[in-house]
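Here the chain labels run A, B, C and D in written order, and each chain numbers its own residues starting at 1.
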Amino acid sequence: MARFRIGVVGGTGYTGAELLRLLSVHPSVELGAITSRSEAGRAVADLFPNLRGKLDLSFSRPDEARLHACDLVFFATPNGTAMKQVPELLAAGVRVIDLAADFRIKDLDLWERWYGMTHACPQLVAEAVYGLPELNREAIRSARLVANPGCYVTAATLGFLPLLKNRLVAAESLIADCKSGVSGAGRGASVAMLMGEVGESFKAYGVAGHRHLPEIVQNLQLATGQEVGLTFVPHLLPMIRGIHATLYARMTADSDVQHLFEDYYADEPFVDVMPAGSHPETRSVRGSNECRIALHRPQGGDTLVVLAVIDNLVKGAAGQAVQNMNLMLGLDERSGLDVPALLP
Amino acid sequence: MARFRIGVVGGTGYTGAELLRLLSVHPSVELGAITSRSEAGRAVADLFPNLRGKLDLSFSRPDEARLHACDLVFFATPNGTAMKQVPELLAAGVRVIDLAADFRIKDLDLWERWYGMTHACPQLVAEAVYGLPELNREAIRSARLVANPGCYVTAATLGFLPLLKNRLVAAESLIADCKSGVSGAGRGASVAMLMGEVGESFKAYGVAGHRHLPEIVQNLQLATGQEVGLTFVPHLLPMIRGIHATLYARMTADSDVQHLFEDYYADEPFVDVMPAGSHPETRSVRGSNECRIALHRPQGGDTLVVLAVIDNLVKGAAGQAVQNMNLMLGLDERSGLDVPALLP
Amino acid sequence: MARFRIGVVGGTGYTGAELLRLLSVHPSVELGAITSRSEAGRAVADLFPNLRGKLDLSFSRPDEARLHACDLVFFATPNGTAMKQVPELLAAGVRVIDLAADFRIKDLDLWERWYGMTHACPQLVAEAVYGLPELNREAIRSARLVANPGCYVTAATLGFLPLLKNRLVAAESLIADCKSGVSGAGRGASVAMLMGEVGESFKAYGVAGHRHLPEIVQNLQLATGQEVGLTFVPHLLPMIRGIHATLYARMTADSDVQHLFEDYYADEPFVDVMPAGSHPETRSVRGSNECRIALHRPQGGDTLVVLAVIDNLVKGAAGQAVQNMNLMLGLDERSGLDVPALLP
Amino acid sequence: MARFRIGVVGGTGYTGAELLRLLSVHPSVELGAITSRSEAGRAVADLFPNLRGKLDLSFSRPDEARLHACDLVFFATPNGTAMKQVPELLAAGVRVIDLAADFRIKDLDLWERWYGMTHACPQLVAEAVYGLPELNREAIRSARLVANPGCYVTAATLGFLPLLKNRLVAAESLIADCKSGVSGAGRGASVAMLMGEVGESFKAYGVAGHRHLPEIVQNLQLATGQEVGLTFVPHLLPMIRGIHATLYARMTADSDVQHLFEDYYADEPFVDVMPAGSHPETRSVRGSNECRIALHRPQGGDTLVVLAVIDNLVKGAAGQAVQNMNLMLGLDERSGLDVPALLP
């Protein structure tokens, strides 16, 4: 069977590395090109030695990568890069998945305020499909351009979604206390992410405002049709992979939320509603595309506690992008993703 | 100057080890006895090699330890042990600090329900002084029996206290999302706390109910004089020391909380209110007795976010116990505790 | 195509868990039974949540497991268990791979001295094939009983093998300075392996004598036909997976060892000789069956330094066992194992 | 009592931070100035929050720091900085301890080859006293300029020293397999030291040649008066603090090395020879100035194994510098350093 030809723009960060890991074993695609200005000419497996013997490809300069000949191109680039290059690719008939934030927010003013730049192709923002399959599966199948969700956003949205959809909680006072491993901060040189700085320590950051806040709110408002008020506090975990979202909502209607969630996600290949009383561990999804969710109502009170875990680099980034690719290319949605997490 | 003679019952856990570390350099005390049934006869420094050359003492059997000759005895034992031995010591004129939970909860029924045992000396529960100096400094000075607070409880209480005292927040819907390093689970053999199980992973636990919940509520109700409703979710961090409490409260009155906290804790030797916008790191208190607190009001909304960090073994256990001892013995409250945290 | 029916005895440790992870995605086998006395009746995915949705099987009691109906049975049990049960299975025509040490050492006296027990079926020790494919590939194919190598042994043997085979180094003064992640110590409850004990710390252990010493020596003596003198010092790393062997040997003949190793392992699917000057990282094999090797001759002196890394649970245990199974069942040796390591 | 006035040049790295931590509680000194070009004007406690409330000082520009008014100045700067500024300070009567490598190697050619620069004040190299108190205590007392040893060097030298001094081992074939926590790499922004790169992984580095090699060799040759051949392989541990040196030497004369070491270090305040058969853990010296050593002779063979642990930032850098300062200023050598390690 002919394989689809795939390109990756910007494959030197953790999201790119994870994409390459997943694509290197995907049965229906071949990697046509991986671009990087800084590493052009260098073997990919030299930078990421886990790919030695698995991926025989070198980084190429963007202008030499022949991305136009690809069926689909992933952008694993910093915010603000994809928006400049996507129009030309779409015009050439290439479909695109952007793992950055360029096309995630529908409200342009809001986007420009949070991201501090002027959008380079506002005309595509409306067309872009927000790539959370649990929200937009059908639209993703036929999309030319998919905006892959943020990592925190994926966990928080999946955890709140059935509640908002069914208007069971007070939408104006939601709380998302989220914790992420350090790979979420990327592979750029920085003092702040040295192991000497973040190992054996824990802290909140960005409490005043984090860019994933408006994205979560957008998702939840769409789901509920109401104004949503969310307090979002991200924290940094002294480990590499994993996001744990601890979500708090005040119940406004009585409901068997355990069954509600089980029904809501019954057909979802990558959402696992655990038995009542469970405490999902991030390691139970390490390297896998699952989101595991557990529900608690402590002391039988009004406050519902939702625990949701994902691997920030998989369901929170590259895995979800491959899930979207599978949908866009008409492949089995699970293709290349149906493996258990690495535990311990 | 004559030194006070101190005894430690049960010095083989992490709390005991930390107590020994702190007492070994305290200028005004000498360790008279450390008891352990399981390790009797063994040199303390053999079990805890950091004390080699610092503490020349062996574990002794409880019946041979001559605790009656001590000025003050710490119990670093499992819950339910101190309550059986304290009456005899008090009768002999020895003052006692219990680092376990036997005397923390004033409501006996509540205690027996959460701890699943019958209290062995209910008559002392009322007399026991709850050992949070920021709440009970004067009572501690003259106490015969001090109940040293729980680790999570210390962080959550100090973070909420000025708000409850001043009735600035909705007391019925408080949230404490707390994270602790693994040393909080103690030094007993278990599968659940193996590094292979808890390293590089993160999870919540005890969401249905954790014993520190009624203790936090007791503190806050005393402070505010109102009924308190608290959702408390503890989590386990893949690191050894440190607690981070992320506290959420809905403001019901306008207030400059930054100044409020600064004033409230202005004279406290071990509470550090950081500048507005700070994100305290647990490593900034590693090995030290400080509690660092920062305040945030994201997007200027109603929800106040309080971040509080302590070292669970120091301000959350042994350090606070030494602080209490200093008060009881008329020493400088800072004595033996006035050192910076180990960073990095 | 009919799948081979596989049994696993003792699937509750880390080696068992890893075996289940690998077998659950293997295209040519189905898991017929997993036994555990302590967990009988419990769903495997309840103990190992990474297998939720991937493995629909419960632990069964050994007597009810119908292991006789399996094509091949793995023993992931403590030392001394397999030797009691293997004869009956072999008699029933079932082939066996023992991941413990019961059949690794050919010299019975030596085995009994190091393992402190009497061997229960000495008659099978001679027949058992030592399951290092790089040494014994052909014999493994037709073996009824395979003794899967120790984790340190795999790394040290593969690193020294080409040198000893070609008699290029002084065999009487080899040094193997080895470091292992904590999962190598298993999943049994213990104080020594608590995260509070082994996190953020490093130490040697078993310097006086470790059971993998005679096994490495046996392999190397077979390879070289000479007496071998080896100093083996294992160390414990504050991480979960990975072994790094740093091997020292004095060159006695001149040789281009880089080419020697490249030639020696040219056809090996799971041995990767890295470019001269490389420093293999354990993460480059995390979750994968590779052994990566790099060679150094510092300052051009006599001392050769060989660096070899494996994942102790994969090439050092369960992965190598699956590689052996593939050989025994006539499958592609790479089947189920051809995935890149999880990095970062 | 008047306190000595101390200056620190370059206090923004980990060595500087540790120096500030130690000096902030030293009873006989006061910090007069801390210089940093990049952080001038910023409060030290803002950069290192563990010092909040402990050190009320801001970084100052080098030209404004009035270092001439100090009794003693530490250089915690990159290699090549101190050599440019030291002559002027010495001329002003200020004594200097350089924590970098500028004055460690007596052979100028050798230094220039390994450090890749021309020495700016070769005339001081001969005068500079190598600051390992266990080697040069008396010379340090009266030195104007002390070269503080490298971290690996301290551990390896102390472990080999009694053997070389007594000519008990083959000096031409020593092996030092050393492992260091990441803080040894400093606090500069880099990809290589991100937690995402070095967490949960282990590797050797610099096998071809590390700058601490000639320094160890210099120390050992001075001790033994013979030519020394050393293979030195440094490795990077996934933790923050601690060095573990595993040293291998072939015995050439019979000796009770346990007693030899105990005698040799009997009067040393910071060298702890542990009981025979011990396995020192790096955590047993975390935050403390001790070097703990244990000796093994596996299987009674010729190869002696010495295990030595230090905290790379304390005995391997800032603590040893304070020890040197105490000697130079006529203070108790233990002053400010006599605290137990932080365990767990």
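Everything that follows uses one rule, which is that a residue touches a chain if its C-beta (ideal position, glycine included) is under 8 Å from a C-beta of that chain, and two chains touch if they have at least 3 such contacts.
These figures come from a predicted structure and were not determined experimentally.
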{"item": "Maximum centroid distance from chain B, chain identifier (CA atoms)", "value": "C"}
{"item": "Of A-D and B-D, whichever chain pair has more C-beta contact pairs", "value": "B-D"}
{"item": "Distance from the mean Cα position of chain B to that of chain A, given in whole angstrom", "value": "39"}
{"item": "Euclidean distance of C-alpha centroids - chain B vs chain D, Å", "value": "36"}
{"item": "Separation of mean Cα positions, chain D and chain A [Å, integer]", "value": "45"}
{"item": "Shared interface positions of chain A, touching two or more other chains", "value": "14, 183, 196-197, 199-200, 238-241, 280-281, 283, 286, 344"}
{"item": "Touching residues (chain side chain A, partner chain B) in the complex", "value": "173, 175, 177, 179, 196-197, 199-205, 207-209, 229, 231-233, 235, 237-242, 244, 246, 248, 250, 277, 279-283, 286, 296, 298-299, 301-303, 305, 307, 309, 344"}
{"item": "Contact footprint of chain A on chain C as seen in their complex", "value": "14, 17, 21, 24-25, 48-55, 183, 187, 199-200, 240-241, 272, 274, 280-281, 283-288, 290, 292, 313, 338-344"}
{"item": "Touch list for chain B against partner chain C, complex", "value": "14, 182-183, 185, 187-191, 193-200, 238-240"}
